[in-house]
Every structure is written in C-alpha cells, then in structure tokens.
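Chains: A, B, C and D, in written order; residue numbering restarts at 1 for each.
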Amino acid sequence: MKIKKNAYFITGGILSALLTILIVVGMFWTPYSTTAMNAKAKMQPPSWSHILGTDNFGRDVFSRVMEGAGTSFVIALLVVLIGCVCGIVIGSLCGYYGGIADMILMHVCDTITAFPAILLALVIISITGGGAYNIVLALGILFIPSFARVVRTQYAGIRDLNYIKSARLMGVSAPRILYAHILPNTLPVLIPAVTIGFNNAVLAEASMSFLGIGIQPPQASLGSMLKDSQNYLNSAPWYALGTGLAVVLLILAFSLLSEGVQQGSRRS
Amino acid sequence: MKLVLKKIISLIITLFIVSLLAFLAFQIIPGDPTTKLLGTNATPEKVAQLRSQLGLDRPVLIRYMDWLVSFVKGEFGTSYTYNRAVSTLLADKLPVTVLLTVLSFLITAAVSVPIGIWAGSTRNKWVDHVFVILDQVLMAIPPFFFGMVSCFVFGIVLRWFMPGSFISLSESFSGCVSYLILPAVCLALPRIAMTVRMLRSSIQEELTQNYVYTARSRGLSRSGIMRRHILKNAMIPVVTFLAVSAAEIMTGTIIIEQVFTIPGTGRLLVSSIGNRDFPVVQAIIVILAAWIVIVNFTADMLNHWMDPRLRQ
Amino acid sequence: MSLLEVNDLRVRFHGTAPDHYAVNGVSFSMEQGDILGLVGESGTGKTVTAMCISGLLPREKAYRSGNILLDQTEIFDCTEAELNRILGSDITVVFQEPMTSFNPVYRIGRQVEEGLYVHEKGLDRAQKKARALEAMRRAGLADAEEVYRKYPHELSGGMLQRAMIAAAIVTNPKLLIADEITTALDVTIQAQIIDLLLDLNRKEGMSILFISHDLRVVRRLCSHVIVMQKGRIVEHGRTDDVFAHPEHSYTRHLIEAIPSRDKRVNEDE
Amino acid sequence: MSRRNIALLLSSAMLACALGTFSGATMVMADEAGSASSGDAALTVGLPQDLDNSLDPYQITAAGTREVLFNVYEGLVKPDTDGNFVDAVASEHEISEDGLTYTFTLRDGVVFHNGEEVTIDDVLYSFETCAATTTSTAVAGALSDIQDITADGDKVVITLPAANSSFLSTVSSVTIVPASYTDQATAPVGTGPFKFDSYSPQDKVVFVRNDDYYGEKPALAKVTCKIYDDANALFTALDSGSLDMAFHLTVDQVNSLSNGYNVLEGEMNLVQALYLNNARAPFDDERVRQALCYAIDTDSLLELTEDGHGAKLGSSVYPSFRKYFDESLVDAYPYDPEKAASLLQEAGAEGLSFTIKVPGNYTPHVDTANVIVEMLSAVGINAVIEKVEWNTWLTEVYQGRDFDATVIGFDAAYLSPDALLQRWVSDDSSNMISYNNADYDAAIEKAQSTTDDEEQVAAYKEAQKILSDTAANVYLQDMADFVVLNPEYTGYEYYPLYAVDFSRIRPAQ
C-alpha cells in the first residue's frame, strides 16, 4: 500500500493520532477542572488562559470538550464494537448457511432499519433508563443490521469459492472456515463499514443528547454540550463552535483515515 | 411480475412486525396510562375500573388485533396529552413533515445530479480531491449543529430568515415553503454530498466500459456519449440511493424539526414519547415505518425498471 | 487511387522508454474492395495501427508521426469535429468482445441505428428502423424484427457479433476495420462470421481491414496479408504467396504453429 | 430534445424557483411580525411550554397556562397590579363588619365571549361547579366552608360561618362561566378582555380582542402565542425578531440579546427550591434535609444563575406578599459544609446519591439543578440530573410523587398566603413532597380561622418557621423575571402573582 502519496491517509492518520492522544490525556488530566463553577469567569471569550473560552457557569470549555470527546469516543467505539461483533456473527451464519434462519434474521434486520432509529433507542432507554451504558446498548442494537447485511453479502459471495469447498472437503471445522478463512477476506469491506459505523455512532449519540435523552448531567458528551451551548450562540459563540468543531474533527479524522485505507488498498 | 408480488408480501410482513413491535414496546415501558389519567387520587378500585373501561385487562394479542382493525379504519385513538383524536392531530402535522421531506428530497436531487454529472465528466485531478474532501466534511457535521449555526448566521446575524416564525400551511403555502427551505437544505446537504460522490464514481466507472469505445467509433461527440449512453447506466445505482435517502430524510426531520421549531410529526413524536402518549407514538411509528418500507420498495422497483438485466 | 495509404507510421506511448516504439515505421496501402489481413502475435502493434487509422487513439496518450490518407483525407490533420464526421460513416470498427461492446441498458435496434442518428440526421424514426433492419438482414440475422427489440444480455455471442457488424455497415462505410472479431467466438460461429465478411466483400465490394492473430482465419478470408513483429512489417503480399513460401523466419514460425488438421494434410501431400 | 435534457432542465428550474421563493419570501416576512399601527395591532408572544391538556378554568394546574388565560377568565373580582381586588364581573362588592356576609352586585351588560348575557344563574352555577371540580384543594376548602349562597335580584349574597380574611381572593379565583356551555376544556369561554380564537398543539394559541368588553378595551386586536418546548429555540426566535415579546427569560439570555428590545425586570413570583420527597428515604430524616440546606451556598448560586438579580428565600412565601413574608428565615442555613458532613454522618447517610428530576424546558430550573449538583459533589453527595418533558414532570413528580428531589417554582394561584402554604398541609392532595407535620397543620388552621389580622400574620409566619426549621425543602430564591418587549410596544406591567396581562399593552407612539 503506497503511503507516500496517499494524502488522505496521512492527514487522517495525524488527525486521529492527535485526537486520540488528546482524549486519552483528557481522561486523566485537563487544564481546568471540568465541573468547578466560577461565577466571576462566566462567558469569557477565548484567551490564552482559556483556549476555547468559558461557558455560562464559568467552566473552561476546552477541558469540557476534552472530557466530552472522551465520552463520545468511548460510546461510539463500544457501539461499533457491539454492532460489529453481533453483526459478524449473525451475518456470517446467515450468509454461510442461508435457509430459513437467513430469511427470518434478514427480515428482522429489515424491521429494525424500518423503525425510526431514535424511537428504538428511546424505547430501550425508557426501559433501562438513561446514562451512558444504556445508550451504548440501545445504539449497539441499532447498528447490528447494517453490519449484518454487509457481512452476509460477503459471506454469501465467498461461500461457494473453490478454496472454501476444498477446505470443507478436508474436514476443516465450520467455525474455523467461518472465522479463519472467510472473515479475513471480508476486511476490505468491513474496515470502511467500521469507520462509517463510527461516524454514525458519534452522530447518533450527539443527536440523542440533543433531544435530551442521551447523556444526563453531570456527565457530559459533545452532544449534550452542543445542546447546552445553543442558548448562548449569541453571547458566547465560541462555546457552540468549539464543541461543534470537536465533533466534526472527531468524525473527519477517522473517515479520512478510512478513505486513505480504501484508496491505498484499491491502488496497490 | 412474480418478483413484484414476493416483494409486496415481504413489505406487508415487515409492516405487520413493525406495528406489533411498536404495540408491544409500549407494554414494556414503565408508566401505566391509567396513573396518568387518574393522577394522585388513583384509588385501586378506580384504577381497576378504568383499566377494564379502556380494555387494558384483555390479553395483549386481542388488544393488538383490536388496535390494528381500528388503525386500518383510520381511528388512531385519542391522545392523552392533547385530549383530542390522534387523527386530527396528525391531520395538521403530517402535511408539514411530508412537505419538508419532499422539499429536501427535491433539493437533494436537483443539486446533486447536475453537479455529479459535471464532476464525473471532468478529468482534472483537483476536482476529485475537492469533492472527496467536501463530502467528508459535510458528512461529519451533525445535522442539528448545522441547523443551529445556520439559524444563528441567517437568523440573527444576517436576518435573512426568522427562525421560529413558522407560517402554517393553512395560512400561506408560499410562506410555509419559504420557511422550510433552510431546514430542508440542512437536511439535504449531507445527502447531496453522498449522491454527488456516488454519481461521480459511477460515471467514471462507466467511462471505462467497452460500449463507450463502440459509441466513439460511431463518431458520437463526448457530450453525446455522456447523454446517450453513460447517464442511464450511471444513474441506476444513484436513483436507488436517492429513493432510499428519501426514507432517511423523513427520519432526519425528527431532529431538524426540534432545531427550527417546526410543528411536524417529528417534534410531536419526541414529546409524545416523553409524555408516554402511546396512541400518538404508535400512530406515528407505523406511519414512519410504512413510509420507509414503501420507499425501499419503490427503490427496488425503480431499480428493476431501469436495469433490463434484472428483468427476467 | 488506393483507398487507404499509410506512410511511415510511428507511435510511442507517453511514459514508455524513448526508443520503445509500439509502431515503428509502418507503411502500406490498400485498394478499394481488398480484404487486407494484419497478422502477428498480440502486442506487435496491429491494434495500435488500426486505432490510428480509425482515429480512436487518444491524442494525449501517444506521440504519432507519419501520415494516413483515407480516400484523400489526412486523418492526423483532422480536428475532433472532422474526425467525428468520418468515424462511423466512412470508416467503422467492429471490436473483439461482442458481449461488452453493446450498452446493456438499451435495445439492440437503437444501438444499430446509432450510426444513422449521428450521420444521417434527416431520416425519421421509421426510415432509420427500416435501414437498421435491412443492415441486420445483410449481416445474416434472419429474424431481424425480433432481435431489434431484444436487449444485449438476451442474445448469444454470435448473434451479438452479427448485430455489431450490422451496426457497422448500416452507414455503408468505405472501410470496415475488424479488430480480432472472431477471437471471442467458438469455431462454428467463427466460420459463419468469415463467410458473412466474404459475402459483404463480394456482394457489396466492402473493403475490410481484418486484424487477427489466427492465421487460419486470415488464410481463408484475406486477399492480402501483412505480418507484423515488434511494431514493424516483416512480410507483405498476396495471402497464397506468403503462406506458400514465407520469406521471413517469423512468418514461417507462425505458420508452423497452426495446430490444425489441414496442416497434416500439407505433410501428406 | 431527448427525455434526458428535459429532466436536466426541469431539475435546474426547480432549483431556481426554490431559491427564488427563498429570497422573495424573506421580504414578505420581515415586516409581518412588527406591524404596530394602532387599532389592528397584533402581538406575537413566545410561550416556554405547551398548554395544559384541559383549558377548563377549574382544571388548570400549570402556572404557564393560568398566566396566559388570565386574559380570558375573570371572577366577580380580579387582582390589580398592586395586589388589591377590583370589581370585574361584579359592579360593586361590600363586606359586613363582622366579615361574615359578602354582597356582590352583578354588573349589567357583561357578555360572555359566546355572546350570551351573564346572568345570576351563571354566577351560582360557577360557584357550584368550581367547588365540585376544582383541582386546587385550598379553593375547594374555602368554598365548602360557605354557609349559604343566595341570589336576590341582581345581587349575590354569600354568608360564611367564620370570618376569612382571604375569602375575597378565593372569590377572584372562581371564574364566571356560562352554565349552558360544555366544552371549556378545548374552547374556553369567559368574560375577559381577550377571547380565545384557536389552538393548535405544539404550534400556537391565538387570542383576539373582546370588542364588547365592559372595561377599558385592549389596544391589541390579536395576540398570537407561539409554543416552544425548547428554551433555546424560543430565545433564537425572539432574538431574530420573529417574536415581539417573551417572559421568564434568564439573566444570561437577556445579556446575550442582540435585537435592541426593551428589557423589564420584576420578580418571577415563584418559590424556587430543591423540593425533597419527605416520604422517601433518606429524605424522611430531618437531619439529611438540613445537611443539604447547609451544603448549598445560596448566595453563590444566585451569583451563578442570576448574576445576583434573584431574591433569597427562607421558606415557601416570596417577598411580593410583603407583610406575610418572614425576612428572618432567609439566612436560617448559612453555607457550612462541615456541619452538613457531620449531620450526614449523624444520620448515617454518607455517600448519599439521588436523582434530581427537572423539567427540561425550563432553563432557570435546569441551570439551578446543575449548580446544586456541583455544590453537593464538593460535600461528597452524588446527585444526578434527569431532564424530563413538562407533561411527564406533571404526572410523575407533581401528581405521581415518584421522585427523589426536583427543582421547580411554585406560584400563588391567587393573592393569599394559603395559595402557597395550604399545599404543605399533611392531607392536601397537591402535597407533592408528602410533608407531614402536625404543628404545621395546626398553624395553618389557626391562620385560616382567625379574623384578627396580626394574629393571622403571626400564624402564617409561624407556619413558615416550621417549614424552615424542619428543612422541608432547600429554599433557594424568587428568580428575577425578565420580560422582553419589542420597542414598538409599551405598557406591560407586572402583577404580584403569576399572570401576564396583554390588555395593557399598546403600540408606542
């Protein structure tokens, strides 16, 4: 994979590395406490002491963005993980064995996609209650169909190739065929699906927090911060723009990386 | 034809499952409607009496059948919070959301197809990079953030547009449409980016096909080849994508209506879920799900109609 | 006056080594009514030569020198517009892969009429259809009416190739270039296509430039033959003379390589 | 022109006309909101929440609905801006020396909004129906005490078994409605300066001038109240000029206003507090409640949320009640984290954690909850906020009492301390926090039954002291209420209770 000329890969790589470092650091240390309120420092514009200014409670926006980005990042990662793992299991079984199970499961997947996403999330959350873990569960379930469908088509395609038939003839056990032989071949399709999944997960979490059903205070994610910042767009625009930029960069970094990977593999 | 029949049957089955799931979902959710209606002076006998009056004590499946029959007849029950028939509530909310969805879809199609064709047929490198970057950025911006900022920029800074001054359909159609344009654009932008990118790569792929050489050997000009040969081939995957995005747009209205305070089914759905207003939520879900399933079905049909190879 | 004259044609693709010429000084001429075979293993510059003659070689891809005269018009001097006027009317091409040479989403009839659409705008729909059906019958398609309405994926390779030929002859071109048109077909269909070309030549005096690596086909079809190796002509003459006593070792090597029954016949004689 | 060209042409034409209407329409809209010529002046107002599910005057529970319908509904008498009672549907009223008989003369020529004349039977019907169906137990209690109520000619005579200084305020809360009219819930009919015109949920409610109003006719012909369930959207609409007026804004919002509207400041007339569910452990233990009072620094809370504009409270009455307001209780619990910690230890409730349910659409309450969470975490108490829809708060918290703690503001439905204090009596149906204190019930009982003014004031103050001593709730503030008005209008005046009077607003010449 020629990396030298692949601009997307480079920019995506640098951006994601930078963001990941910021997020990991944010989990242990932030320039200011993310919760301490300070009446005198309310609504201060960006300055050297406060890079992204302060919010309506006098808290440093940059520190909160670091922590919020961490929450959003972890949630999105977990959501994609659940969606991907379950998606692979379901997709591989359906794709490989087919038959009625395949028909039924695919129908269930269609129904899940037919459901308005936020409604399913709301239903799950109203049963399990708000908070980060329940959102991860709710969104995780939502992301299974997309992965399942991608994996199923790949498996259905690869299932009849000769090297798989010969593996079966040699008595290779089914799980080994499924996950040692076929799975690696689905990677070129799976990796972009994972990054797109990550993007959608970050967006989904942000939208749910915007509707007020996502992360509940005092915990803060980029989505909930964006919602709070809407009120001060006029007097403290840096609050909304700073947070919004963080969301965009978080998504952009990984989608550029995925574009780079795709273009790299296509070209080599 | 057999294929179409099979598709219709699976469509109906999915709708059935969705309505059943929607119905069951609300049995699980905590908060019994009777506590809502009776409030604090809910004595056990009153609760029991009301439950039987509402028929809540009958087994779930019978209640589901009951609900389905009345649903098909168009009676969706009465809303708890607004104390009026759900059908009248939806009568003035659904048109707004449908108008917003159609407007956003038209903008998506009207903008992305010409740009996609132009992007596909130019050969210079820089155009490619510009489109890839633009597409990535547009898809990375959360729609409500885009709505928020455009509300601020157009509304408060430039004063071109008055967020919150929604003019209802009954008052003036043009007033309503002009208010819905900015939200529709916010909804459309990420989809325009995706469509342009898809159309561009689809055209570039078709350009490498042998039939293009045949066409050139007939003496067709470059634009003639594009118009008479490449466009239809390149549009096939794009048309299906556009049709599917019509379903996504409808789901997207749920968020956009919150940002632009548009009294559509999206906002009603969010507040009704919060208020555990089951009849309203169930009606909206089934309508939304029906819209998504029907749109996917049309996408399939369009695909078959446009590509003769699929027509066995 | 000869129909086609190629003088000292040289072609070098961008990005290849400066001294490596795909076509290195090719000159020949062709008379009206001839069937000229262009033979050689793949990669010897046959197709590149044909593409230069038909003007299909993209200008930005290669350096070209020398000149090509088709019925007194200098191909290299033509502008894009002038070229488009010649292409499809005076000169037409039939390609190797019939399955992919047709646009999958349009019916055969519309694609056979393409030449008329471009060059004879005056005709109305009915006239175009009639000309197309007539061309398809000339190409040996018995049930032309039915094939007219079909889509490419609904026809066999052989029928598609006949339709391709119909599309090429509908504008009664001066020169028909057939670039490896039999290679993708099985033997029985090949013979039918060869007979079709012979008929067209005999009945309508169609001049054909036939490019192939299959000597057996060339022997049966072509009146004259040119053998090319590494971009140069190594042999040029009447087909029978060249096959009877080939001068150049490369030609002899090619003839011996024919694995067919009739070669053994030669030995028995 | 092949089909392909037509399609391309069509799509670019669509785009052109879409953009055309976009630019053309904004001209139209620019002047629609602010038309202020007299006579047919129209005002556009923003409401921070949707109306109640029933608009029947006796069923309304939400202060937000009551404050708007103040323009539609009237009693025999109604409060004025300085808290006295002026004649409304009654042309005059007199009270006997012993305070037992009240005589109201029906004003002649008063017409309901549906055109019917107001008759004595309507008045009697109204008193009867209100006594039977009102959701406010204080009003129901006062009305049930009436010995008898008789009509003679155009007068209504009401006799009481014992004097009740706040009976006049109860009368003002009995809206006079037509006896024959049945669907008040969806299309209210009253006698007020404005008539109800139309209501579409989540969108708007429209009032029009009542041209045959007996009193001074309002200058505004039409008032359109646009409904927002999201404070941010309301503020953006106001700031962009599509609204002429909005009320109950926070100081942060007012500071970030950029459209040059006038800002009027008054009190919200709300008792904002961290209300604790006294029936649910550990808040059933007085010491835990007191610990919370010590743990919350009200002064810095005011500084953070109101830039110092709000008024501190010590109990369930706010300053506008002047003589009844007990100033001394304001600093009953100075900020003392150590004492809070020791009290918690004493009560065995270290590491206490609970949820604060707060209505998401009221930014002032959400902000206060955020500050409280932060202050409590400094003392090791872990509080989490759960934002809920307004209707969900009403049913789950207010009616269902299913909560640990909540931040809300209680208003006075009518001008009497009862409206604020009666609700904490043990058996009162709207006793949200299930407060149960015999001394408190006795003090309220005494206050309601004495005729002597000083005695009554002392009893009400004693009741407030009990609430403060037992730390029933963590009393915070009566927030500053900012009303923002388009400079093309003037004349808005504050009332000492939760009411927005449109009838005084007129175009500014």
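What we mean here is this: contacts are C-beta pairs under 8 Å (C-beta built on N, C-alpha and C of every residue); 3 or more make two chains touch, one makes a residue touch a chain.
These figures come from a predicted structure and were not determined experimentally.
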{"item": "Chains touching both chain B and chain C", "value": "none"}
{"item": "Best-connected chain pair, where connection means C-beta pairs in contact", "value": "B-D"}
{"item": "Length of the line joining the C-alpha centres of chain C and chain D, rounded to whole Å", "value": "91"}
{"item": "Interchain centroid distance [CA atoms averaged], chain A/chain B, Å", "value": "22"}
{"item": "Between chain A and chain D, centroid-to-centroid distance (C-alpha), Å", "value": "43"}
{"item": "Distance between the centres, which are taken as Cα means, of chain D and chain B, whole angstrom", "value": "39"}
{"item": "Chain C residues counted as touching two or more neighbouring chains", "value": "none"}
{"item": "Touching two or more other chains - residues of chain B", "value": "151-152, 156, 228, 232, 258, 276"}
{"item": "Two or more partner chains touched - positions in chain A", "value": "230, 233-234"}
{"item": "Overall pattern in which the protein chains touch one another (line/ring/star/complete/other)", "value": "other"}
{"item": "Interchain contacts, given as pairs of chains that touch", "value": "A-B, A-D, B-C, B-D"}
{"item": "Chain D residues within the chain B interface of the complex", "value": "2, 4-5, 8, 11-12, 14-15, 18, 21-22, 24-26, 28-30, 32-33, 44, 46, 50, 53-54, 185-186, 200-204, 226, 228-230, 233-234, 236-243, 258-259, 388-389, 391-392, 395-396, 399-401, 429-430"}
{"item": "Chain D - residues contacting chain A, complex", "value": "231-232, 235-236, 239, 252-253, 255-258, 300, 303-304, 360, 363, 367, 369-371, 373-374, 377, 384-387"}
{"item": "Chain A-facing residues of chain B, complex", "value": "10, 13-15, 17-18, 21-22, 25-26, 28-30, 129, 132, 136-137, 139-145, 148-149, 151-152, 156, 251, 254-255, 258, 269-270, 273, 276, 281, 285, 288-289, 292-293, 296"}
{"item": "Residue ranges of chain A touching chain B (in the complex, touch as defined)", "value": "7-8, 107-108, 110-111, 113-119, 122-123, 126-127, 199, 203, 206-207, 210-211, 223, 226, 230, 233-234, 237, 240-241, 244, 247-249, 251-252, 255-256, 259"}
{"item": "Residues of chain B touching chain C in the complex", "value": "209-211, 213-221, 224, 228-229, 232-233, 236, 306-309"}
